[in-house]
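By letter and in written order, the chains are A, B and C; residue numbering begins at 1 in each of them.
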Amino acid sequence: MTTVPITETAAPLLELLDLAGVAVFAISGALLAAARRQTLVTFIFFAVVTGVGGGTARDLLIGAPVFWMGENRILLVCLAAALIVWLSPRRLWRGRALLWFDAAGLATYSAFGAAKGLAFGVAPLPAIAMGVLTACLGGIIRDVLAGEPSILMRAELYVTAAALSAAMVVGLLLLGAAPPLAGGIAAMAGFALRAGAIARGWKLPAYRR
Amino acid sequence: MTTVPITETAAPLLELLDLAGVAVFAISGALLAAARRQTLVTFIFFAVVTGVGGGTARDLLIGAPVFWMGENRILLVCLAAALIVWLSPRRLWRGRALLWFDAAGLATYSAFGAAKGLAFGVAPLPAIAMGVLTACLGGIIRDVLAGEPSILMRAELYVTAAALSAAMVVGLLLLGAAPPLAGGIAAMAGFALRAGAIARGWKLPAYRR
Amino acid sequence: MTTVPITETAAPLLELLDLAGVAVFAISGALLAAARRQTLVTFIFFAVVTGVGGGTARDLLIGAPVFWMGENRILLVCLAAALIVWLSPRRLWRGRALLWFDAAGLATYSAFGAAKGLAFGVAPLPAIAMGVLTACLGGIIRDVLAGEPSILMRAELYVTAAALSAAMVVGLLLLGAAPPLAGGIAAMAGFALRAGAIARGWKLPAYRR
(Lines give C-alpha, C1' and ligand atoms only; values in the text may rest on other atoms or scores of the structure.)
Protein backbone atom coordinates (compact mmCIF):
# COMPACT_ATOMS: atom_id res chain seq x y z
CA MET A 1 0.00 0.00 0.00
CA THR A 2 1.47 3.34 -1.02
CA THR A 3 0.70 6.02 1.54
CA VAL A 4 0.49 9.24 -0.43
CA PRO A 5 0.17 12.10 2.08
CA ILE A 6 -2.97 14.13 1.82
CA THR A 7 -2.63 17.08 -0.59
CA GLU A 8 -2.04 20.49 0.96
CA THR A 9 -5.10 22.06 -0.62
CA ALA A 10 -7.61 19.44 0.51
CA ALA A 11 -6.38 19.32 4.12
CA PRO A 12 -8.40 22.23 5.63
CA LEU A 13 -11.65 21.00 4.07
CA LEU A 14 -11.03 17.43 5.25
CA GLU A 15 -10.30 18.71 8.76
CA LEU A 16 -13.50 20.76 8.88
CA LEU A 17 -15.59 17.81 7.62
CA ASP A 18 -13.96 15.60 10.23
CA LEU A 19 -14.92 18.01 13.04
CA ALA A 20 -18.48 18.31 11.68
CA GLY A 21 -18.81 14.52 11.53
CA VAL A 22 -17.49 14.22 15.09
CA ALA A 23 -19.94 16.86 16.37
CA VAL A 24 -23.10 15.37 14.85
CA PHE A 25 -22.21 11.81 15.84
CA ALA A 26 -21.27 12.94 19.36
CA ILE A 27 -24.68 14.63 19.72
CA SER A 28 -26.42 11.48 18.46
CA GLY A 29 -24.51 9.47 21.08
CA ALA A 30 -25.42 11.90 23.87
CA LEU A 31 -29.08 11.88 22.76
CA LEU A 32 -29.19 8.09 23.10
CA ALA A 33 -27.72 8.42 26.61
CA ALA A 34 -30.45 11.00 27.37
CA ALA A 35 -33.19 8.73 26.02
CA ARG A 36 -31.93 6.03 28.37
CA ARG A 37 -31.78 8.39 31.40
CA GLN A 38 -28.04 7.95 31.90
CA THR A 39 -25.49 9.90 33.97
CA LEU A 40 -23.28 12.72 32.67
CA VAL A 41 -20.27 10.39 32.55
CA THR A 42 -22.17 7.99 30.31
CA PHE A 43 -23.25 10.98 28.15
CA ILE A 44 -19.57 11.82 27.69
CA PHE A 45 -18.55 8.22 27.05
CA PHE A 46 -21.26 7.77 24.39
CA ALA A 47 -20.47 11.15 22.81
CA VAL A 48 -16.78 10.26 22.52
CA VAL A 49 -17.22 6.65 21.35
CA THR A 50 -19.90 7.58 18.80
CA GLY A 51 -18.10 10.77 17.76
CA VAL A 52 -14.66 9.32 17.07
CA GLY A 53 -15.36 5.56 16.70
CA GLY A 54 -15.81 5.51 12.95
CA GLY A 55 -12.90 7.81 12.14
CA THR A 56 -10.65 5.86 14.50
CA ALA A 57 -11.38 2.58 12.72
CA ARG A 58 -10.76 4.28 9.36
CA ASP A 59 -7.39 5.69 10.43
CA LEU A 60 -6.21 2.36 11.87
CA LEU A 61 -7.23 0.52 8.69
CA ILE A 62 -5.65 2.94 6.21
CA GLY A 63 -2.49 3.29 8.31
CA ALA A 64 -2.99 6.98 9.17
CA PRO A 65 -2.18 8.39 12.64
CA VAL A 66 -5.41 8.29 14.68
CA PHE A 67 -6.84 11.76 14.08
CA TRP A 68 -7.72 12.80 17.66
CA MET A 69 -4.50 11.75 19.43
CA GLY A 70 -2.32 14.79 18.84
CA GLU A 71 -4.66 17.54 20.01
CA ASN A 72 -7.25 18.35 22.69
CA ARG A 73 -9.74 20.04 20.35
CA ILE A 74 -11.62 17.00 19.02
CA LEU A 75 -12.38 15.59 22.47
CA LEU A 76 -13.45 19.07 23.56
CA VAL A 77 -16.06 18.97 20.76
CA CYS A 78 -17.35 15.66 22.18
CA LEU A 79 -17.39 17.00 25.75
CA ALA A 80 -19.27 20.09 24.53
CA ALA A 81 -21.80 17.91 22.70
CA ALA A 82 -22.43 15.87 25.85
CA LEU A 83 -22.82 19.00 28.01
CA ILE A 84 -25.11 20.75 25.50
CA VAL A 85 -27.47 17.77 25.38
CA TRP A 86 -27.30 17.41 29.20
CA LEU A 87 -28.08 21.09 29.85
CA SER A 88 -30.43 22.07 27.02
CA PRO A 89 -34.23 21.94 27.38
CA ARG A 90 -35.53 18.53 26.48
CA ARG A 91 -38.09 19.77 23.92
CA LEU A 92 -35.17 20.97 21.75
CA TRP A 93 -34.38 17.30 21.03
CA ARG A 94 -37.90 15.95 20.92
CA GLY A 95 -39.25 13.91 18.05
CA ARG A 96 -36.76 12.45 15.65
CA ALA A 97 -33.75 14.65 16.39
CA LEU A 98 -31.56 11.61 16.98
CA LEU A 99 -32.46 10.13 13.59
CA TRP A 100 -31.72 13.34 11.70
CA PHE A 101 -28.39 13.99 13.41
CA ASP A 102 -27.43 10.42 12.71
CA ALA A 103 -28.38 10.88 9.05
CA ALA A 104 -26.26 14.02 8.72
CA GLY A 105 -23.31 12.27 10.36
CA LEU A 106 -23.78 9.23 8.13
CA ALA A 107 -23.67 11.17 4.85
CA THR A 108 -20.83 13.49 5.93
CA TYR A 109 -18.59 10.82 7.41
CA SER A 110 -19.13 8.47 4.50
CA ALA A 111 -17.98 10.98 1.88
CA PHE A 112 -15.12 12.13 4.09
CA GLY A 113 -13.95 8.61 4.98
CA ALA A 114 -13.86 7.51 1.35
CA ALA A 115 -11.99 10.66 0.29
CA LYS A 116 -9.41 10.24 3.05
CA GLY A 117 -8.93 6.61 2.04
CA LEU A 118 -8.17 7.65 -1.55
CA ALA A 119 -5.82 10.36 -0.26
CA PHE A 120 -3.82 7.69 1.60
CA GLY A 121 -3.42 5.52 -1.49
CA VAL A 122 -6.17 2.98 -0.81
CA ALA A 123 -7.67 1.28 -3.92
CA PRO A 124 -11.15 2.50 -5.08
CA LEU A 125 -13.24 -0.41 -3.77
CA PRO A 126 -11.64 -0.44 -0.27
CA ALA A 127 -11.94 3.37 -0.28
CA ILE A 128 -15.72 3.03 -0.75
CA ALA A 129 -15.73 0.42 2.02
CA MET A 130 -13.80 2.84 4.25
CA GLY A 131 -16.56 5.40 3.75
CA VAL A 132 -19.34 2.91 4.52
CA LEU A 133 -17.70 1.14 7.45
CA THR A 134 -16.47 4.28 9.18
CA ALA A 135 -19.79 6.09 8.72
CA CYS A 136 -21.74 3.12 10.08
CA LEU A 137 -19.36 1.98 12.84
CA GLY A 138 -20.04 4.96 15.11
CA GLY A 139 -23.75 4.22 15.18
CA ILE A 140 -23.27 0.45 15.37
CA ILE A 141 -20.91 0.70 18.36
CA ARG A 142 -23.36 3.11 20.03
CA ASP A 143 -26.26 0.69 19.49
CA VAL A 144 -24.32 -2.42 20.58
CA LEU A 145 -23.12 -0.69 23.77
CA ALA A 146 -26.66 0.45 24.55
CA GLY A 147 -28.10 -3.00 23.77
CA GLU A 148 -30.24 -1.58 20.93
CA PRO A 149 -30.99 -3.78 17.88
CA SER A 150 -28.44 -2.84 15.22
CA ILE A 151 -29.62 -0.80 12.22
CA LEU A 152 -27.94 -3.48 10.10
CA MET A 153 -30.75 -5.94 10.71
CA ARG A 154 -33.55 -3.69 9.44
CA ALA A 155 -34.67 -3.32 5.81
CA GLU A 156 -34.66 0.46 6.16
CA LEU A 157 -32.19 2.26 3.87
CA TYR A 158 -29.17 3.11 6.02
CA VAL A 159 -25.96 1.37 4.96
CA THR A 160 -27.15 1.92 1.37
CA ALA A 161 -27.19 5.70 1.89
CA ALA A 162 -23.62 5.58 3.19
CA ALA A 163 -22.61 3.41 0.21
CA LEU A 164 -24.16 5.88 -2.25
CA SER A 165 -22.32 8.78 -0.66
CA ALA A 166 -18.98 6.92 -0.58
CA ALA A 167 -19.29 5.57 -4.13
CA MET A 168 -20.23 9.00 -5.50
CA VAL A 169 -17.28 10.78 -3.92
CA VAL A 170 -14.86 8.10 -5.16
CA GLY A 171 -16.35 8.20 -8.66
CA LEU A 172 -16.34 12.02 -8.85
CA LEU A 173 -12.78 12.29 -7.51
CA LEU A 174 -11.52 9.65 -9.98
CA LEU A 175 -13.25 11.65 -12.76
CA GLY A 176 -11.23 14.69 -11.65
CA ALA A 177 -13.83 16.74 -9.74
CA ALA A 178 -12.56 19.23 -7.15
CA PRO A 179 -12.72 17.69 -3.63
CA PRO A 180 -15.17 20.28 -2.13
CA LEU A 181 -17.56 19.81 -5.06
CA ALA A 182 -17.28 16.00 -5.04
CA GLY A 183 -17.71 15.81 -1.26
CA GLY A 184 -20.66 18.22 -1.22
CA ILE A 185 -22.58 16.46 -4.00
CA ALA A 186 -21.89 13.01 -2.55
CA ALA A 187 -22.90 13.95 1.00
CA MET A 188 -26.12 15.59 -0.24
CA ALA A 189 -27.02 12.52 -2.31
CA GLY A 190 -26.45 10.18 0.63
CA PHE A 191 -28.40 12.45 2.98
CA ALA A 192 -31.31 12.66 0.50
CA LEU A 193 -31.55 8.88 0.29
CA ARG A 194 -31.44 8.50 4.07
CA ALA A 195 -33.98 11.33 4.45
CA GLY A 196 -36.36 9.42 2.18
CA ALA A 197 -35.94 6.38 4.40
CA ILE A 198 -36.70 8.38 7.56
CA ALA A 199 -39.55 10.50 6.19
CA ARG A 200 -41.18 8.08 3.77
CA GLY A 201 -40.06 4.66 4.99
CA TRP A 202 -38.09 3.74 1.84
CA LYS A 203 -36.90 0.15 2.10
CA LEU A 204 -34.84 -2.43 0.27
CA PRO A 205 -36.47 -5.74 -0.71
CA ALA A 206 -35.59 -8.57 1.69
CA TYR A 207 -34.38 -12.06 0.74
CA ARG A 208 -37.35 -14.38 0.17
CA ARG A 209 -36.16 -17.60 -1.44
CA MET B 1 8.95 -6.65 18.05
CA THR B 2 11.14 -7.39 15.03
CA THR B 3 9.11 -7.28 11.86
CA VAL B 4 10.78 -9.78 9.55
CA PRO B 5 9.14 -9.45 6.12
CA ILE B 6 7.44 -12.56 4.87
CA THR B 7 9.76 -14.84 2.86
CA GLU B 8 9.46 -14.67 -0.92
CA THR B 9 8.71 -18.38 -1.28
CA ALA B 10 5.86 -18.53 1.23
CA ALA B 11 4.10 -15.41 -0.09
CA PRO B 12 2.01 -16.96 -2.92
CA LEU B 13 0.75 -19.76 -0.69
CA LEU B 14 -0.14 -17.35 2.10
CA GLU B 15 -1.98 -15.14 -0.38
CA LEU B 16 -4.01 -18.06 -1.74
CA LEU B 17 -4.91 -19.25 1.77
CA ASP B 18 -5.94 -15.71 2.66
CA LEU B 19 -8.31 -15.52 -0.34
CA ALA B 20 -9.73 -18.96 0.48
CA GLY B 21 -10.35 -17.95 4.11
CA VAL B 22 -12.02 -14.73 2.97
CA ALA B 23 -14.29 -16.61 0.54
CA VAL B 24 -15.55 -19.24 2.99
CA PHE B 25 -16.11 -16.74 5.80
CA ALA B 26 -17.82 -14.30 3.41
CA ILE B 27 -20.21 -17.08 2.33
CA SER B 28 -20.90 -17.96 5.97
CA GLY B 29 -21.71 -14.30 6.64
CA ALA B 30 -24.03 -14.07 3.63
CA LEU B 31 -25.75 -17.34 4.66
CA LEU B 32 -26.54 -15.86 8.08
CA ALA B 33 -28.00 -12.79 6.35
CA ALA B 34 -30.11 -15.15 4.20
CA ALA B 35 -31.31 -17.12 7.23
CA ARG B 36 -32.47 -13.82 8.75
CA ARG B 37 -34.24 -12.69 5.53
CA GLN B 38 -32.09 -9.59 5.11
CA THR B 39 -31.57 -7.22 2.16
CA LEU B 40 -28.78 -7.46 -0.43
CA VAL B 41 -26.91 -4.58 1.23
CA THR B 42 -26.91 -6.47 4.53
CA PHE B 43 -25.72 -9.60 2.67
CA ILE B 44 -22.75 -7.60 1.38
CA PHE B 45 -22.04 -6.00 4.75
CA PHE B 46 -22.06 -9.37 6.54
CA ALA B 47 -19.96 -10.99 3.79
CA VAL B 48 -17.33 -8.24 4.05
CA VAL B 49 -17.23 -8.01 7.85
CA THR B 50 -17.13 -11.78 8.32
CA GLY B 51 -14.76 -12.28 5.39
CA VAL B 52 -12.09 -9.77 6.34
CA GLY B 53 -12.77 -9.15 10.07
CA GLY B 54 -10.40 -11.77 11.46
CA GLY B 55 -7.54 -11.01 9.07
CA THR B 56 -7.93 -7.30 9.69
CA ALA B 57 -7.54 -7.73 13.45
CA ARG B 58 -4.51 -9.97 12.87
CA ASP B 59 -2.80 -7.45 10.60
CA LEU B 60 -3.41 -4.55 12.99
CA LEU B 61 -2.05 -6.56 15.93
CA ILE B 62 1.11 -7.85 14.22
CA GLY B 63 1.82 -4.46 12.63
CA ALA B 64 1.30 -5.60 9.01
CA PRO B 65 -0.46 -3.39 6.44
CA VAL B 66 -4.15 -4.38 6.43
CA PHE B 67 -4.28 -6.99 3.66
CA TRP B 68 -7.31 -5.78 1.69
CA MET B 69 -6.50 -2.06 1.49
CA GLY B 70 -4.20 -1.96 -1.53
CA GLU B 71 -6.31 -3.88 -4.06
CA ASN B 72 -9.91 -4.32 -5.24
CA ARG B 73 -9.75 -8.12 -5.56
CA ILE B 74 -10.47 -9.17 -1.97
CA LEU B 75 -13.63 -7.07 -1.67
CA LEU B 76 -14.71 -8.41 -5.07
CA VAL B 77 -14.51 -11.92 -3.58
CA CYS B 78 -16.82 -10.78 -0.75
CA LEU B 79 -19.24 -9.09 -3.18
CA ALA B 80 -19.28 -12.26 -5.30
CA ALA B 81 -19.97 -14.39 -2.20
CA ALA B 82 -22.91 -12.17 -1.25
CA LEU B 83 -24.33 -12.23 -4.80
CA ILE B 84 -23.90 -16.01 -5.18
CA VAL B 85 -25.80 -16.68 -1.95
CA TRP B 86 -28.46 -14.09 -2.91
CA LEU B 87 -29.02 -15.54 -6.42
CA SER B 88 -28.48 -19.28 -5.96
CA PRO B 89 -31.37 -21.69 -5.28
CA ARG B 90 -32.07 -21.95 -1.58
CA ARG B 91 -31.84 -25.76 -1.43
CA LEU B 92 -28.14 -25.49 -2.34
CA TRP B 93 -27.52 -24.07 1.16
CA ARG B 94 -30.03 -26.13 3.07
CA GLY B 95 -29.15 -28.11 6.19
CA ARG B 96 -25.91 -27.28 7.87
CA ALA B 97 -24.11 -25.49 5.05
CA LEU B 98 -23.39 -22.51 7.28
CA LEU B 99 -21.76 -24.69 9.93
CA TRP B 100 -19.53 -26.50 7.43
CA PHE B 101 -18.38 -23.34 5.68
CA ASP B 102 -17.64 -21.81 9.05
CA ALA B 103 -15.61 -24.91 10.01
CA ALA B 104 -13.53 -24.73 6.82
CA GLY B 105 -12.90 -21.03 7.38
CA LEU B 106 -12.01 -21.64 11.01
CA ALA B 107 -9.35 -24.27 10.30
CA THR B 108 -7.88 -22.46 7.29
CA TYR B 109 -7.71 -19.02 8.86
CA SER B 110 -6.31 -20.34 12.12
CA ALA B 111 -3.33 -22.05 10.46
CA PHE B 112 -2.79 -19.10 8.15
CA GLY B 113 -3.06 -16.46 10.90
CA ALA B 114 -0.54 -18.24 13.12
CA ALA B 115 1.91 -18.71 10.21
CA LYS B 116 1.65 -15.05 9.20
CA GLY B 117 2.26 -14.02 12.82
CA LEU B 118 5.47 -16.07 12.92
CA ALA B 119 6.51 -14.61 9.55
CA PHE B 120 6.23 -11.10 11.04
CA GLY B 121 8.45 -11.94 14.01
CA VAL B 122 5.77 -12.55 16.65
CA ALA B 123 6.74 -14.91 19.53
CA PRO B 124 5.32 -18.51 19.41
CA LEU B 125 2.57 -18.12 22.02
CA PRO B 126 1.19 -14.83 20.61
CA ALA B 127 1.45 -16.40 17.13
CA ILE B 128 -0.87 -19.22 18.27
CA ALA B 129 -3.18 -16.58 19.78
CA MET B 130 -3.13 -14.73 16.43
CA GLY B 131 -4.36 -17.90 14.74
CA VAL B 132 -7.13 -18.48 17.29
CA LEU B 133 -8.32 -14.89 17.65
CA THR B 134 -8.32 -14.10 13.95
CA ALA B 135 -10.05 -17.37 13.03
CA CYS B 136 -12.72 -16.83 15.67
CA LEU B 137 -13.21 -13.05 15.39
CA GLY B 138 -14.93 -13.19 12.00
CA GLY B 139 -17.63 -15.50 13.32
CA ILE B 140 -17.89 -13.70 16.65
CA ILE B 141 -18.38 -10.29 15.03
CA ARG B 142 -20.96 -11.84 12.66
CA ASP B 143 -22.87 -13.36 15.60
CA VAL B 144 -22.71 -10.23 17.78
CA LEU B 145 -23.94 -8.02 14.91
CA ALA B 146 -26.80 -10.44 14.22
CA GLY B 147 -27.65 -10.69 17.92
CA GLU B 148 -26.92 -14.44 17.95
CA PRO B 149 -25.53 -16.06 21.13
CA SER B 150 -21.76 -16.22 20.66
CA ILE B 151 -20.18 -19.64 19.98
CA LEU B 152 -17.83 -18.80 22.86
CA MET B 153 -20.49 -19.50 25.44
CA ARG B 154 -21.26 -23.05 24.28
CA ALA B 155 -19.41 -26.22 25.36
CA GLU B 156 -19.19 -27.35 21.72
CA LEU B 157 -15.62 -27.66 20.39
CA TYR B 158 -14.97 -24.53 18.37
CA VAL B 159 -12.21 -22.31 19.74
CA THR B 160 -10.41 -25.54 20.64
CA ALA B 161 -10.34 -26.60 16.98
CA ALA B 162 -8.81 -23.26 16.02
CA ALA B 163 -6.26 -23.61 18.85
CA LEU B 164 -5.27 -27.10 17.65
CA SER B 165 -4.78 -25.86 14.10
CA ALA B 166 -2.77 -22.81 15.20
CA ALA B 167 -0.61 -24.72 17.69
CA MET B 168 0.16 -27.45 15.13
CA VAL B 169 1.27 -25.03 12.42
CA VAL B 170 3.50 -23.14 14.89
CA GLY B 171 4.98 -26.40 16.22
CA LEU B 172 5.59 -27.85 12.75
CA LEU B 173 7.13 -24.64 11.41
CA LEU B 174 9.42 -24.34 14.46
CA LEU B 175 10.46 -27.98 13.85
CA GLY B 176 11.44 -26.98 10.31
CA ALA B 177 8.53 -28.34 8.23
CA ALA B 178 7.86 -26.73 4.84
CA PRO B 179 5.05 -24.13 5.12
CA PRO B 180 2.62 -25.83 2.66
CA LEU B 181 2.99 -29.16 4.50
CA ALA B 182 2.70 -27.61 7.96
CA GLY B 183 -0.30 -25.51 6.96
CA GLY B 184 -2.08 -28.40 5.25
CA ILE B 185 -1.63 -30.84 8.14
CA ALA B 186 -2.62 -28.23 10.74
CA ALA B 187 -5.72 -27.09 8.86
CA MET B 188 -6.86 -30.68 8.33
CA ALA B 189 -6.39 -31.50 12.04
CA GLY B 190 -8.38 -28.45 13.12
CA PHE B 191 -11.11 -29.20 10.57
CA ALA B 192 -11.32 -32.83 11.72
CA LEU B 193 -11.80 -31.78 15.34
CA ARG B 194 -14.48 -29.25 14.41
CA ALA B 195 -16.15 -31.82 12.11
CA GLY B 196 -16.40 -34.21 15.07
CA ALA B 197 -18.07 -31.44 17.06
CA ILE B 198 -20.60 -30.76 14.29
CA ALA B 199 -21.34 -34.36 13.29
CA ARG B 200 -21.04 -36.13 16.64
CA GLY B 201 -21.56 -33.37 19.18
CA TRP B 202 -18.07 -33.59 20.73
CA LYS B 203 -17.89 -31.31 23.75
CA LEU B 204 -15.48 -30.07 26.38
CA PRO B 205 -16.30 -30.62 30.05
CA ALA B 206 -17.75 -27.51 31.73
CA TYR B 207 -16.67 -26.01 35.08
CA ARG B 208 -18.64 -27.60 37.91
CA ARG B 209 -17.10 -26.61 41.24
CA MET C 1 1.62 13.05 16.56
CA THR C 2 5.21 12.92 17.79
CA THR C 3 6.07 9.50 19.17
CA VAL C 4 8.58 10.16 21.91
CA PRO C 5 9.90 6.79 23.09
CA ILE C 6 9.23 5.99 26.70
CA THR C 7 12.00 7.18 29.04
CA GLU C 8 14.49 4.58 30.20
CA THR C 9 13.82 5.15 33.89
CA ALA C 10 10.03 4.79 33.73
CA ALA C 11 10.12 1.62 31.59
CA PRO C 12 10.50 -1.04 34.35
CA LEU C 13 7.69 0.46 36.42
CA LEU C 14 5.39 0.71 33.41
CA GLU C 15 6.15 -2.90 32.52
CA LEU C 16 5.35 -4.14 36.03
CA LEU C 17 2.08 -2.16 36.14
CA ASP C 18 1.16 -3.59 32.75
CA LEU C 19 1.69 -7.17 33.98
CA ALA C 20 -0.32 -6.44 37.16
CA GLY C 21 -3.18 -4.98 35.12
CA VAL C 22 -3.13 -7.99 32.82
CA ALA C 23 -3.20 -10.42 35.76
CA VAL C 24 -6.14 -8.86 37.63
CA PHE C 25 -8.21 -8.41 34.48
CA ALA C 26 -7.40 -11.95 33.32
CA ILE C 27 -8.62 -13.30 36.68
CA SER C 28 -11.80 -11.21 36.41
CA GLY C 29 -12.39 -12.68 32.94
CA ALA C 30 -11.82 -16.25 34.15
CA LEU C 31 -14.15 -15.65 37.12
CA LEU C 32 -16.94 -14.61 34.77
CA ALA C 33 -16.34 -17.81 32.76
CA ALA C 34 -16.56 -19.77 36.03
CA ALA C 35 -19.78 -18.02 37.05
CA ARG C 36 -21.26 -19.07 33.71
CA ARG C 37 -20.05 -22.69 34.04
CA GLN C 38 -17.88 -22.56 30.93
CA THR C 39 -15.14 -24.87 29.62
CA LEU C 40 -11.39 -24.43 30.21
CA VAL C 41 -10.93 -23.12 26.66
CA THR C 42 -13.51 -20.40 27.30
CA PHE C 43 -11.76 -19.61 30.62
CA ILE C 44 -8.54 -19.05 28.65
CA PHE C 45 -10.26 -17.03 25.93
CA PHE C 46 -11.94 -14.73 28.46
CA ALA C 47 -8.74 -14.39 30.51
CA VAL C 48 -6.77 -13.37 27.41
CA VAL C 49 -9.40 -11.04 25.91
CA THR C 50 -10.11 -9.32 29.23
CA GLY C 51 -6.45 -9.30 30.25
CA VAL C 52 -4.98 -7.74 27.11
CA GLY C 53 -8.03 -6.15 25.44
CA GLY C 54 -7.69 -2.69 26.98
CA GLY C 55 -3.93 -2.44 26.55
CA THR C 56 -4.19 -3.65 22.97
CA ALA C 57 -6.66 -0.90 22.06
CA ARG C 58 -4.43 1.67 23.78
CA ASP C 59 -1.32 0.57 21.88
CA LEU C 60 -3.11 0.58 18.51
CA LEU C 61 -4.51 4.08 19.16
CA ILE C 62 -1.26 5.69 20.34
CA GLY C 63 0.78 3.99 17.61
CA ALA C 64 2.86 1.81 19.96
CA PRO C 65 3.76 -1.81 19.08
CA VAL C 66 1.10 -4.06 20.67
CA PHE C 67 2.68 -4.91 24.02
CA TRP C 68 2.13 -8.69 24.10
CA MET C 69 3.30 -9.58 20.59
CA GLY C 70 7.05 -9.86 21.10
CA GLU C 71 7.15 -12.21 24.08
CA ASN C 72 5.45 -15.30 25.53
CA ARG C 73 5.31 -14.03 29.13
CA ILE C 74 2.13 -11.95 29.04
CA LEU C 75 0.01 -14.72 27.56
CA LEU C 76 1.52 -17.11 30.11
CA VAL C 77 0.15 -14.78 32.84
CA CYS C 78 -3.32 -15.07 31.25
CA LEU C 79 -3.05 -18.86 30.91
CA ALA C 80 -1.95 -19.08 34.57
CA ALA C 81 -4.89 -16.89 35.65
CA ALA C 82 -7.33 -19.16 33.80
CA LEU C 83 -5.79 -22.32 35.27
CA ILE C 84 -5.68 -20.90 38.82
CA VAL C 85 -9.39 -20.01 38.71
CA TRP C 86 -10.22 -23.38 37.11
CA LEU C 87 -8.30 -25.42 39.71
CA SER C 88 -8.72 -23.43 42.93
CA PRO C 89 -11.50 -24.16 45.44
CA ARG C 90 -14.63 -22.25 44.59
CA ARG C 91 -15.05 -20.65 48.04
CA LEU C 92 -11.81 -18.72 47.40
CA TRP C 93 -13.70 -16.64 44.84
CA ARG C 94 -17.04 -16.45 46.56
CA GLY C 95 -18.87 -13.22 47.22
CA ARG C 96 -17.72 -10.19 45.32
CA ALA C 97 -14.24 -11.32 44.29
CA LEU C 98 -14.97 -10.51 40.65
CA LEU C 99 -16.00 -6.95 41.52
CA TRP C 100 -12.88 -6.29 43.60
CA PHE C 101 -10.47 -7.71 41.04
CA ASP C 102 -12.17 -5.66 38.40
CA ALA C 103 -11.83 -2.53 40.57
CA ALA C 104 -8.11 -3.11 41.07
CA GLY C 105 -7.63 -3.66 37.34
CA LEU C 106 -9.68 -0.55 36.55
CA ALA C 107 -7.63 1.81 38.75
CA THR C 108 -4.26 0.32 37.79
CA TYR C 109 -4.87 0.18 34.05
CA SER C 110 -6.36 3.64 33.94
CA ALA C 111 -3.33 5.31 35.54
CA PHE C 112 -0.96 3.21 33.46
CA GLY C 113 -2.79 3.78 30.17
CA ALA C 114 -2.84 7.55 30.62
CA ALA C 115 0.86 7.64 31.57
CA LYS C 116 1.84 5.52 28.56
CA GLY C 117 -0.20 7.82 26.31
CA LEU C 118 1.71 10.87 27.59
CA ALA C 119 5.00 8.99 27.18
CA PHE C 120 4.16 8.45 23.48
CA GLY C 121 3.48 12.13 22.88
CA VAL C 122 -0.33 12.10 23.04
CA ALA C 123 -2.00 15.41 24.11
CA PRO C 124 -3.33 15.62 27.71
CA LEU C 125 -7.04 15.18 26.99
CA PRO C 126 -6.60 12.17 24.67
CA ALA C 127 -4.12 10.77 27.24
CA ILE C 128 -6.87 10.86 29.88
CA ALA C 129 -9.21 9.23 27.36
CA MET C 130 -6.59 6.53 26.75
CA GLY C 131 -6.61 5.75 30.45
CA VAL C 132 -10.40 5.60 30.67
CA LEU C 133 -11.06 3.72 27.45
CA THR C 134 -8.33 1.14 27.93
CA ALA C 135 -9.24 0.52 31.57
CA CYS C 136 -12.93 0.09 30.68
CA LEU C 137 -12.60 -1.77 27.38
CA GLY C 138 -11.36 -5.02 28.93
CA GLY C 139 -14.44 -5.28 31.12
CA ILE C 140 -16.80 -4.04 28.40
CA ILE C 141 -15.56 -6.61 25.87
CA ARG C 142 -15.83 -9.32 28.55
CA ASP C 143 -19.44 -8.31 29.33
CA VAL C 144 -20.49 -7.97 25.67
CA LEU C 145 -19.02 -11.40 24.81
CA ALA C 146 -20.81 -12.95 27.78
CA GLY C 147 -24.06 -11.18 26.94
CA GLU C 148 -24.04 -9.30 30.27
CA PRO C 149 -25.54 -5.79 30.47
CA SER C 150 -22.62 -3.37 30.12
CA ILE C 151 -21.46 -1.47 33.21
CA LEU C 152 -21.80 1.65 31.06
CA MET C 153 -25.56 1.63 31.36
CA ARG C 154 -25.68 1.67 35.18
CA ALA C 155 -25.55 4.77 37.40
CA GLU C 156 -22.94 3.09 39.62
CA LEU C 157 -19.57 4.89 39.69
CA TYR C 158 -17.30 2.96 37.34
CA VAL C 159 -16.12 4.94 34.33
CA THR C 160 -15.90 7.92 36.70
CA ALA C 161 -13.36 6.10 38.88
CA ALA C 162 -11.22 5.37 35.82
CA ALA C 163 -11.52 9.01 34.74
CA LEU C 164 -10.40 10.22 38.19
CA SER C 165 -7.37 7.93 38.13
CA ALA C 166 -6.41 8.93 34.57
CA ALA C 167 -6.93 12.67 35.12
CA MET C 168 -4.89 12.60 38.34
CA VAL C 169 -1.91 10.84 36.81
CA VAL C 170 -1.91 13.24 33.83
CA GLY C 171 -2.23 16.27 36.13
CA LEU C 172 0.50 15.07 38.53
CA LEU C 173 2.90 14.17 35.69
CA LEU C 174 2.35 17.55 34.00
CA LEU C 175 3.08 19.21 37.38
CA GLY C 176 6.40 17.34 37.43
CA ALA C 177 5.71 14.52 39.93
CA ALA C 178 7.85 11.38 39.69
CA PRO C 179 6.03 8.66 37.69
CA PRO C 180 5.90 6.05 40.53
CA LEU C 181 4.45 8.62 42.94
CA ALA C 182 1.97 10.01 40.39
CA GLY C 183 0.86 6.52 39.34
CA GLY C 184 0.50 5.28 42.92
CA ILE C 185 -1.55 8.25 44.12
CA ALA C 186 -3.76 8.23 41.03
CA ALA C 187 -4.44 4.47 41.16
CA MET C 188 -5.28 4.65 44.88
CA ALA C 189 -7.68 7.55 44.33
CA GLY C 190 -9.46 5.73 41.50
CA PHE C 191 -9.63 2.52 43.54
CA ALA C 192 -11.03 4.38 46.57
CA LEU C 193 -13.82 5.90 44.49
CA ARG C 194 -14.70 2.54 42.94
CA ALA C 195 -14.52 0.88 46.38
CA GLY C 196 -17.09 3.39 47.66
CA ALA C 197 -19.33 2.47 44.75
CA ILE C 198 -19.03 -1.26 45.49
CA ALA C 199 -19.25 -1.09 49.28
CA ARG C 200 -21.64 1.82 49.77
CA GLY C 201 -23.47 2.03 46.47
CA TRP C 202 -22.20 5.52 45.53
CA LYS C 203 -23.96 6.68 42.37
CA LEU C 204 -24.04 9.53 39.91
CA PRO C 205 -27.31 11.41 39.35
CA ALA C 206 -29.12 10.29 36.20
CA TYR C 207 -30.58 12.55 33.50
CA ARG C 208 -34.14 13.57 34.42
CA ARG C 209 -35.31 16.36 32.14
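The rule we apply is simple: a residue touches a chain if its C-beta (ideal position, glycine included) is under 8 Å from a C-beta of that chain, and two chains touch if they have at least 3 such contacts.
All figures in this text were calculated on a predicted structure; none of them were measured in a lab.
J.: Check the residue numbers that subunit A and subunit C use where they touch, and answer same if over half are used by both copies, otherwise different.
T.: The interface is built from different residue numbers on each side, given that under half of them are used by both copies.
J.: If I superpose subunit A onto subunit B using their CA atoms, what angle of rotation comes out, to the nearest 5 degrees?
T.: 120
J.: Return the distance between the CA-based centres of subunit A and subunit C, expressed in whole Å.
T.: Those two chain centres are 29 Å apart.
J.: Touching two or more other chains, which residues of subunit B qualify?
T.: Residue numbers touching two or more other chains: 60, 144.
J.: Please name which positions on subunit A make contact with subunit B in the complex.
T.: 1-2, 60-63, 121-126, 129, 132, 136, 140, 144, 149-150, 152-153, 155, 159-160, 163, 203-209
J.: For the complex, which residues does subunit A have touching subunit C?
T.: For subunit A paired with subunit C, touching residues are 33-34, 36-43, 45-46, 48, 56, 60, 65-66, 68-72, 75-76, 86, 89-90, 144-147.
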